[in-house]
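Okay, so chain A shows up in both of these, paired with chain B first and chain C after.
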Partner chain A sequence: MIINKNEIANILTKLAEEYLVIAPVQKDGIVQFSAIKNGAEACLTFANTKKPGKEILFPQSEELYSYTIDTEGVRMQANVDQKETIVFGMRPCDVKSLVLLDNVFKNDQYQDVYYLTRRANTLIVGLGCNEPAATCFCSNMACGPFAKEGSDIFLTDIGEAYVAEGISEKGQALLAKLGLGSATAEQKALANQLQAETKADGGVNIAGIAEKLGGMFEHPFWDSLHEKCLGCAACTYLCPTCHCFDIADEATDCNGCRVRNWDACMFPLFTLHGSGHNPRPNGKARWRQRLMHKFNYFVDRYNATACVGCGRCIKNCPVNLDIRQALADIRALD
Partner chain B sequence: MRNPYLPLPMKLVKNFTETSDKLIHTFTLEFLNEQDAENFKYEPGQFAEVMVYGKGEAPFGIASSPTEKGILKFSVAKVGVVSTALHMLEEGSIVGVRGPLGNSYPLEQLKGKSLTIIGGGFAFTTLRSTIQYILDPANRGDYGDLTVIYGARNPGLLLYKDELAAWDARSDINLVTTIDRAVEGWNGRVGFIPAVTKEVAPKTDYAIICGPPVMIKFTLPVLEECGFTPDRIIMSLENRMKCGIGMCGRCNVGSKYVCKDGPVFTKEQLDKLPNEY
Partner chain C sequence: MEKLTQQIRETAKKLLAEKKVDLVVGFAQGSLPLRSTPYFARTPEQAENLIWSSTCENNLANYLRKRGEKVAVIAKGCDVRAIVGLIKEGQIVKENLYIIGVPCAGMIDRKQINAAVEGKEILAASDNGSEILLKGKDFEKTVAKQDVMFGSCKTCQYNNPVIFDELLGEKVAAREANYADIEAFEALSDEERRAFIAKEMSKCIRCYACRQACPMCYCSECFVDCNTPAWIGKSAKSIDDNALFQAVRVFHLAGRCVDCGACERACPMGIKLSLLTRKMVKDVKELFGAEAGVNLEDPPALNTFKFEDKEDFLL
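Right, the complex of A and B next:
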């Protein structure tokens, strides 16, 4: 299928009548995912959104339930979001991160109804990256600027138009409904060429890293890695695969709600016990946890690396700590 | 889809001051809905998230035994927001409970075996559950000899004094209580748990141990001296928790989540994990 760029705004506006449409929008000086009513608001020329796509299914802050308590007992109201949603223009790294997060929010015993209900009601239109940023290394991370895994529809920008491919049944059905024209053989060839040739190679090689890290918990390598880290947690908040959260109460005497908020292992309070004991008392233990979780523990648990190479942690770290370098240094260790 | 974040409403029927320093209270809770009482099937060693409405939620080991029908008990030390709020609740108040969470002591696997159970401080709570369970007439025949070593700093800090007396009067349990320093009127042993364990030198198939990190650290070598191999030493870990269901990412030790894969591990399993707990 083919979508001419000058048709995009109309298509989105139309879709927004029926669905909640979320697209990248240029707002307050950054590109961020936002609900739109008018398709012209969508901004599809961006290297990557500041905050990752995970926020659509797993918001930075969300109410889990509210309650009222009185002499009769307790009434609870869970606020599970049921809206049929279309996310238009998510980069492949962020789409892949959702595939990874699915593992977390649905384990063999428990289902996170908030994330999973949104997930089931959301159709994702992925958008390939013609010009990956200097900090991107998705090609090294089982992902890539044109990786289609997780997208329902996939768009390739060929200049004046997007070549649109229906990946899932859900995506194919929506494309059919939009009544688009077919891409010509030339347009398809151009899209294929872009998909095959565009790389975001950050020179990162993680082959064997999981196994190597497995034996490195006590290694002196960790002693210096964290030294300039400020513990600000920008790297973890802005990481599309980081999923840690806190649960807090907001309440008056009889009415209240429980809210969950993103949290991060880079904070010392994250693991502080009531007794005062802290199993991760210093920056060393926390940076080790961050790296180990992504490249060893997650692999052990879900058989996938918890990094998609989006580069946000590199771009946004105030002291330029570079995870690519950390991985290269680990590789170079005997 | 069941929502694992929603607590079951329970009524606080007893708020009992357990220790002489008043810092530990035992709470007895009753399910408000009969159906919840039916569905809440737990095993000794599991925990639950207890919520004081408006204050928050915290994980506590379940101190009651599944053989005590219709109620749950928790013994809670006053250390922070939720525990203090709980201590102040009046009987009749409503609290929320999410659970049961985590794994349990492998009581099925331990059938036919003799056991040593060692507890220190208020970590004795889930051990109470285990002992009550084993001593229940329906279950006692399934297990061999039972030795319990339980220590506290002073007699006033021992939990469950009535039950300790009842257990002591029975012939099918060898109960050894100990306190750190001699005081008048105390007839039990005096000394720290590792030393007392050495004196008692238990010879059973398995050991279950739960207590503060220092106590565990010094007792483990004694247990190994007594001939317990790491696969026969069963421990319970504590980590800071929020979700209790393996999602919030807080309580991991290596690739294991203490809330979901634990809190009960054998020493053999822990020896394979990073020492970060």
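Right, the complex of A and C next:
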């Protein structure tokens, strides 16, 4: 199928009549996923959104349920979001991150109704990256600028138009409904060429890293890695795969709600026990946790690395602590 | 800059070789264009990695609190102001710190530079002293450093370190105090100010990069992290809670903020935090004639009381 760029705004506006349409929107110089009513609001020429796509299915703060107490007792209201949603224009790294997060929220021990309900009701239109940034290394991370895994529809920008491919059944059904023209053989060839030739190779090699990390818990490497880290959550909050959360009750008088908030292993409160003991009491233990979780524990548990190479942690770290360098240093260790 | 880099390396190597210090905290080349990164040199060989450039933006005083060993630091004017404040607050033992002062002509702001190239990706940058040459995939652009300096650097009056054990490089001319940005903000109506703050706070993701980057923010438990009682909602979607966090953070810096701008630099969301901190710096200066970290003698502004202190803001 082919979508001319000048038709995009109209198509999105029309879809927004029926679905909740979420697209990248530029505001104050920052591109973020945002619900749109008017298709012209969508900004599809972005390198990547500031906050990762995970926030659509796993919001930074989510009211799980609310309650009120009155003379008759306690009334509880679950807040499961059931809106039919289309996410239009998510980069392949972010789409891949959702595939990874599925493991966390749907496994043999736990099924998260909030995440999974949204997931089931959300259709994802992935958008390939013609010009990956210098900080991107998705090609090194079982992903890539044109990786289609997880997308329901996949778009390839060929200049004046997007070549649209229906990947899943529901993606194909939506494409059929839009009544688009077919891509010509020439357009398809151009898309194929872009898909085959565009790479985001940051020179990151994680072959053998999981095994190596497995034997490194007590290694002196961890003594200095964290030294310049300030202990903020810019890296984890802006990471598409970081998924640790904390649950808090927020209540005033007889009304309250239980809120799930993103947590970050960089914080002193992370894994702090009620007793006051913290198994990760300092920057060293927290940084070890961050790298181990992504490149060892997650691999052990789900057979995949919890990093998609989007480069957000590199771009946004206030002290330029570069995860690519950390991985290279680990590789170089005897 | 090249010359300063050489001087810094020589000084650091000497201090480490003679075992006068165990550690030199400075900057090394970063992994991205226009980035340097804090660096910890423990051997004369490691001191070869130290650099000085217009991108040494972090406030290194952050790494100096409560250290056991003897430490030297490569410190620009604002780092030294923070060090002075921390010495007064008992966080740094002056005798264990060797300050290698570096006069600072101002650091350059990547956000302004990115805006100057309309967000296009910068793949290489070089500094000829007064200008930065930026190169990308299909563009080249030269920007004057003066035009892309951090706001806090443009109005810095203490760019020459106020105390040091050794000063490298030439002193630079201090700038004029200029609170035009704050005066413009003060001139707005209550409604306009409220709307502006709400807009800025709506961007906050509560990553606490501002708090962590601030050399003067070192409470062992921040009030936002406290659960019993929970002084503040933990979710980032409440603009009021985000504003409360910032308000308390800034009030806690009353008379202590050294106006280094580290909070705003660290913010990944581009929130104009210095508007709040600088408003208070200006107020403290006007109301009490006090400035934080400008000498070792003045007591911290909030540690003193005089009968003639202004109190017309009290209820």
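Please note the rule applied: the second predicted complex is superposed on the first by the 331 of 334 C-alpha atoms of A that agree within 3 Å, B and C clash if a C-alpha of one lies under 4 Å from a C-alpha of the other, contacts with A are read in each partner's own complex, and residues count from 1 in each chain.
By definition in this document, contacts are C-beta pairs under 8 Å (C-beta built on N, C-alpha and C of every residue); 3 or more make two chains touch, one makes a residue touch a chain.
All of these numbers come straight from a predicted model, not from anything done at the bench.
Legend: residue contacts after superposition of the two complexes on their common chain; A:P268 is shown touching chain C, with no touch to chain B.
In the superposition on chain A, A:G256 contacts chain B only, with no contact to chain C. Residue contacts after overlaying the shared chain place A:N10 against neither chain B nor chain C.
Residue contacts after overlaying the shared chain place A:H293 against chain B, while chain C stays out of touching range.
With both structures placed on the common chain, the touch criterion links A:L64 to chain B but leaves chain C unconnected. With both structures placed on the common chain, the touch criterion links A:V104 to chain B but leaves chain C unconnected. Number of chain A residues touched is higher for B, counting chain B against chain C.
When both complexes are overlaid on chain A, the residue A:K228 reaches chain C alone and has no touch with chain B. Of the two partner chains placed by the overlay, neither chain B nor chain C lies in contact with A:N38. After overlaying the two complexes on the shared chain, residue contacts for A:D246 are found with chain B and with chain C alike.
In the superposition on chain A, the residues of chain A touched by chain B in one structure and by chain C in the other are 246, 248.
Residues of chain B that touch chain A in their complex: 1-7, 9, 32, 53-58, 77, 79-80, 83, 94, 96, 212-213, 238-240, 242-243, 245-255, 260, 274-277.
Taken in their complex, chain A has these residues touching chain C: 28-30, 47, 50-51, 59-61, 131, 133-135, 224, 227-228, 230-234, 237-238, 246, 248, 250, 259, 261, 264, 267-269, 314-316, 318-322, 324-325. On the side of chain C, the complex with chain A involves touching residues 30-32, 35-40, 58, 62-63, 115, 119, 121, 123, 137, 203, 205-209, 211-213, 221, 225, 227, 230, 233-238, 265-266, 268-270.
Listed in rising order, the residues of chain A touching chain B in the complex are 64-65, 67, 69, 73-74, 76, 78, 80, 104-105, 107, 109-113, 116-117, 217, 242-249, 251-253, 256, 258, 263, 265, 270-275, 277, 279-280, 285, 289, 292-293, 296-298, 300-301.
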